[in-house]
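Below: a set of structures, written as structure tokens.
Shared between the two complexes below is subunit A, which pairs with subunit B and subunit C, respectively.
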Partner chain A sequence: MSVPQTVGVRPARKRRAFSVARWLRTFGTLIGFLIIVAIFWQQRPTTFMTVTNWLNITQQVSILGVVAFTMTVVMVVGDFDLSVGTMASLVGIIAGTLFQNEQPVAVAVVAGLLAGALGGLINGFLVSYVGISAFVTTLGTMTIFGGLALYISGGTTIFGRVIPEAFGNFGREGLVLGSITIPNLTLLALAVLVLTWFILEQTVFGRRLYAIGGNREASRLAGVRVRFLRLLAFVVSGLGAAAAGLMLASRLASANPKQGDGLMLNAIAAVFLGMTMSEEGEPHVLGTLVGVLILGVLANGLTQLNIDSYIQQILTGGIIILAVTLSSLSRRGQ
Partner chain B sequence: MNSLSAVSSGPVYTTMTTAVDPSPGTVLLAVRHASKSYNGVPALTDASLELRAGEVHALMGENGAGKSTLIKLLAGVLAPDRIEVEIQGRPATLHSPQAAYGHGLRFIHQELNIVPQLSVAENVFLGQRYPAWFGTLVRWRTLNRRARDVLAMLGVHHIDPSERMARLSPGDQMLVSIARAFAGDDSDNGSRALVYVMDEPTAALTGHEVDLLFEVINGLKARGSAVLYVSHRMEEIFRISDRITVMRDGRVVGTRHAADTHPGELIRLMTGRTLQQVYPPRQTPVGERMRLTVRNLRSHAVRADAFDLREGEIVGVAGLNGSGRTELLRALVGADRRLSGEILLDGRRVSLTPAMAWRNGVAFVPEERRSQGLVLSRSVADNITLPGLAWLSRGGMLIDRGLERRTSRSLGDTVQLKMIGPDQTVRELSGGNQQKAVFARALTRTTRVLLLLDEPTRGVDVGAKVDLYRLIRELSGQGAAILMVSSDLPELIGMTDRILIMRQGVLVDEVPTAGLTEESLLSLCYGETAHERSTDGGR
Partner chain C sequence: MSRLFRLLLVMALLVTGFALPVSAQDDAPVVAVLTPYLAQPGTQFMVEAFQAAAEAKGWTVNVIDTAGDVAALNSRLQDVVTQGVDAIVINVDPQQVPALADAVAAGIPVFGMDAGSVPELVVNVTSNGYAMAAETATYVVDRLNGVGRVVMFIFPPYPPVQKRGVIAEAIFNNTPDIEIIDQVVPDVTDGGIADSRARMEAILAANPEPGSINAVWAAWDQPALGALQAIEAAGRQDEGIIIVGIDANPQAVEAIAQGGNFEASVAQDFEGIGSTTADLVERYLNGETLTQTTVYVPTTLVTRENARVE
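Moving on, here comes the complex of A and B:
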């Protein structure tokens, strides 16, 4: 009875009319992104707004993108996965070790993806069936995967001739279209983006994931198999982490037991940035894409402005907090 | 519980009686021509109301009838388009909550404004200066003693002021929040409570707690205060109120003396319908075919040895709060783990989980629509189609938005759901329409075997209730068996063919509905014979 009540049809249609707060809430982050782009363009008119640089940016963010897109799936369900970074490192090491044992690329790729799926399965089982919180579970597995990567590799980097040429070249080459070359990694990230978007927005599976994230108990009582689907979401993010680990190893043509660790925080940040763009604050993969691009453009532009990489880190953190704060402030007015 | 004598002889706050005019019948608060509209939609039109000293004045009306708006104008939290207020014959303005407080208006809301971590005494005196040594060290014993005095004035002696609020029952918490409205009178001089406005105070209370609350209200009456009492519950209104004002569509449609009216008249005033039209009569006879057979059902919370439902039959589940009514449905549908139980649907043995239940044509409408029924952040269409996605999609895999929209629009029409469109977020719907959305979901499949309804009309206004009753009848007419939990006894009696009685987690009895009265049904719930109860004064 405390909610203002009106007679007859609620004036929801009226509230649908233009509202600055609503508009800012949905498009604020995107506008922020465009402002950042404009600033860099103005500062570096010759080098920033070029096709080459943008292709470069997409290649730089492709690996983060794959982790972030699949992380979106887990976050749609209302969980999150801290173990993706060390999983990416571990998969790189697994592939590298297989190369050392003269296994072909296909075997390394399949083994890496299987490891990712298995890691996701373990996370999902612990969270969904055993009932441990996603934070504790993935914090634990994050440490385990990181430890495994160090143990298998003996703490050293695998590089040089043991890495097959085809594998190392893949991450540097691309699809040549006349004068431009679209990097393979960009194409791969795009494929993952389309696939995740399709799964989340166009399939029954995705619809149910959103329902679970919105109200787990109501979904269960409406016949959604909540536990199984939560587990599957973790498998998706494990697979994404594995793919990212392989992409990273390919791009660097080497495998270091720590090289993927930093992906996790940036991926979560990208999803959060994307969430600010949705009416109900739900994660969605196109929002995540904007989040990934914001992070990528910031890194690229700030480097071009010769800003110290430590300062870059501080600025990036500040921008994430700013975006989320503005979004939640505009939401509070409702 | 001899509360009235405690109030009248209360020695501590003797000054309190002076400000309230003791002669009953004086007009304490008069509101005239109150009007308010939102975005051009009138919520309240030219409403007038008088509260007299020593009366309990009930305010009734469907959701959206304007009760809340009127109360908010009185509380000074909404700015009126037009209003005239007189308090004890003098014009007054209620432009802010402080002004309302200063004029002696006290508001006790359905959602309690309590701090569960603090003690009862701290809650009673919340927002006021606690007694303290040197202004800093709280004198807990003094505080507790004062709280005990305030509670005693209300005739409440069983609540320990040092107890943590969270450990109190909802009813006792309600009493403490009334005590707080009372306690303010001691500290700020000059502001004396004339009028208590209680907005559905019994919504969370058990029968015994309601009795206690009513004793307190009678105490307030005896002190010469006026109580404006908002409730949907007919029985309570006739028990406690002296006059009843009914609102509809933002207007006051009538004020009656409780002694001169009856529920039928009030329902007609509220809805424009007669009582007979509320519960639609059965059109088709109950079938012969057994749709549900349950044997030896056990969960951690319930035990039911045997019951059956026939084709087209509506069976009620009655019991006191906590008797295991809800848990019976939950165990049946597999929402709670079953320890044992044989469940036959149309003679076929099934092991139900919520997912299996929907697949087998069993629909479950849970008790709490917001926490258990709906995904508030999603659209009406998403919510209606959620259990039916397997067949409301392309091959059970791909979303078919066109089909979803058509389905939810036509089901929405069936349940008379008022929405802008299937894409509207469920959060934006009113309570009654949200409940209809949960209901619509139960209709997504054409072959329906069994509907499990848990408090299907709770918090729904009379108009929407009538729609739901009609729908339940229609479904039973199509051959579905319906098992319906309700704490609304007239509803159970009006709708069901048989009633299962639950006591302390056990299915103890099964009675045909024909010939039951509210009182006889309630005695069955309490486990007393009708004779014992009648000697107990009907309490």
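Moving on, here comes the complex of A and C:
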């Protein structure tokens, strides 16, 4: 650990033995999540709390999860990436176009991931080295990636026989363990989760990212290569978006130039929900996981309860605001 | 905010969670309707007509709109399969819904409402693209008494529109004194009107003699509107050039009602598609075997006589 203690300057707080506020702040969101689960369980006793349904939920949130986990890395540094949704769409189109030209799955996957890394490099370079704000940069690249997806595809959806069967089947199949099947997409998301957790929480690289997010100037003075690390964080989110785009194309066995666009806002919401669970209000990938699960469980449960889809949206937004409000109120109570 | 208040808030949330009554789960069939396109007027008419018919039959209908998100539609389809609904209705290209396999595996019937035909669907209810094209092409032939020069606007890249062009061409070719002077494939990236207008202007310039163009047949309304603009801009609206389109979109209906060159279009019966789907779901749930995998709901030719501006 080369980061000195001055980083993340924060007056030492007196530790209290037990405080409802502290407890609420850290566990409030988790409790909220458990209450939501309890309500759905009680309302749909036979169908909600089943292995099949939970495996479905993990598969349904797997793509959002990959985007949100890697978005966490960028948000740890104090930036964010608005371009992940259209990047996911673009990568799906790149893969689909390669399939149309009879390229094998491996080529499409590698090309897709490379495109994601390249997009991340561009974002990172503009933010970190040129010094444009992350908001403006990624707003611009978001529009560019979306435009490229539409341009390459001519606005149409690529589907049908041109998509290799193996590619389409991957998103539907899974690891068979006796009577249950763990979806491939779930396993992939789990792998990204573990990898991101390890990088952020267990490596010097990760510690330095948190240091930059805590106090960029102090980190720089302490000898952390702030600019390079910020750039790398964007490469991670670009790669995550590309992986998500490939997963999405596989799950739908098709590529539509707009199919990933909606991922961005949900991913940011998931990271914010997760941030309410951290003592310092920092993003942590396990918190993001809870955020992703809250969004996924809400969509699943409310659908099973026959709740109107517009009301679902209103409820979901309300719950996000409620969680963040509770967390910030309890912090102010200190 | 006092600590006590916060505690009370948490308690209140917990209590609400467990005190909610279990919502009604009676024996009436539950039908889920899934679409990413509820914001589009045609879809809205279909879904509302389906809901009205279904509620008259005493069903519980759950309409799920995923606002353009086809991945979310797959997820919600899985959810209603888990929930164990009695039937599912989709309004989306079924080729993009691999989750249909889950419904089939669970033995839940899925119906297409203007969706597309795949083996996983019990039946798809839609309009007949061939028949719509035949209606407007025969309208042109009849109005010209079988004699005249026709410009066609077609669009082969999009299969539902390609079908229309094939039929119209066959009908014109089967009429000895009808001559197709041009088949235009307009650039549709601008919505289809502007480029069609430019292409029609060029054709008008190439055929300056009054009466050298007798009709414009368009495979959908936008090129017809573009052609209308070109004819009016060239001051040739009094030569009796007949324009026909398909879809009867509001702008087209307005043009037809005004009584100019744009004379006819074809309206799909979206309400009919919705209520027919409901009837077919009912027949299936009553144990009837449906042999027809695609059911076409008749369309209506819109002319000055029945064009209503809404």
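In this section, the second predicted complex is superposed on the first by the 319 of 334 C-alpha atoms of A that agree within 3 Å, B and C clash if a C-alpha of one lies under 4 Å from a C-alpha of the other, contacts with A are read in each partner's own complex, and residues count from 1 in each chain.
Methods note: contacts are C-beta pairs under 8 Å (C-beta built on N, C-alpha and C of every residue); 3 or more make two chains touch, one makes a residue touch a chain.
Owing to the predicted nature of the structure, the values given are computational and were not obtained by experimental measurement.
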{"item": "Subunit B versus subunit C as contact partner of A:Tyr210, first or second or both or neither", "value": "first"}
{"item": "Contacts of A:Gly223 with subunit B and subunit C, given as first, second, both or neither", "value": "first"}
{"item": "Subunit B versus subunit C as contact partner of A:Arg161, first or second or both or neither", "value": "neither"}
{"item": "Which superposed partner A:Thr52 touches (first subunit B, second subunit C, both, neither)", "value": "second"}
{"item": "Between subunit B and subunit C, more extensive residue contact with subunit A", "value": "C"}
{"item": "Subunit B and subunit C contact sites that coincide on subunit A, given as residue numbers", "value": "none"}
{"item": "Subunit A - residues contacting subunit B, complex", "value": "1-16, 201-208, 210-211, 214-215, 217-225, 279-282"}
{"item": "Contact set on subunit C toward subunit A in their complex", "value": "1, 3, 6-7, 9-10, 13-14, 17-18, 20, 22-23, 30, 60, 62-72, 74-76, 78-80, 82-84, 93, 95-98, 101, 157, 189"}
{"item": "Subunit A contact footprint on subunit B (complex, rising order)", "value": "38-39, 41-43, 63-69, 71-72, 78, 109-111, 199-200, 230, 249-250, 333, 335, 354-355, 357-359, 364, 366, 371-378, 382, 386-387, 389-390, 393, 396-399, 418, 420, 424-425, 428-430, 441"}
{"item": "Subunit C contact footprint on subunit A (complex, rising order)", "value": "20-21, 24, 28, 31-32, 35-36, 38-39, 42-45, 47, 50, 52-53, 56, 59-60, 63, 155-157, 159-160, 168, 171-172, 248, 251-254, 256, 258-259, 262, 299-300, 303-306, 308-310, 326, 329-330, 332-333"}
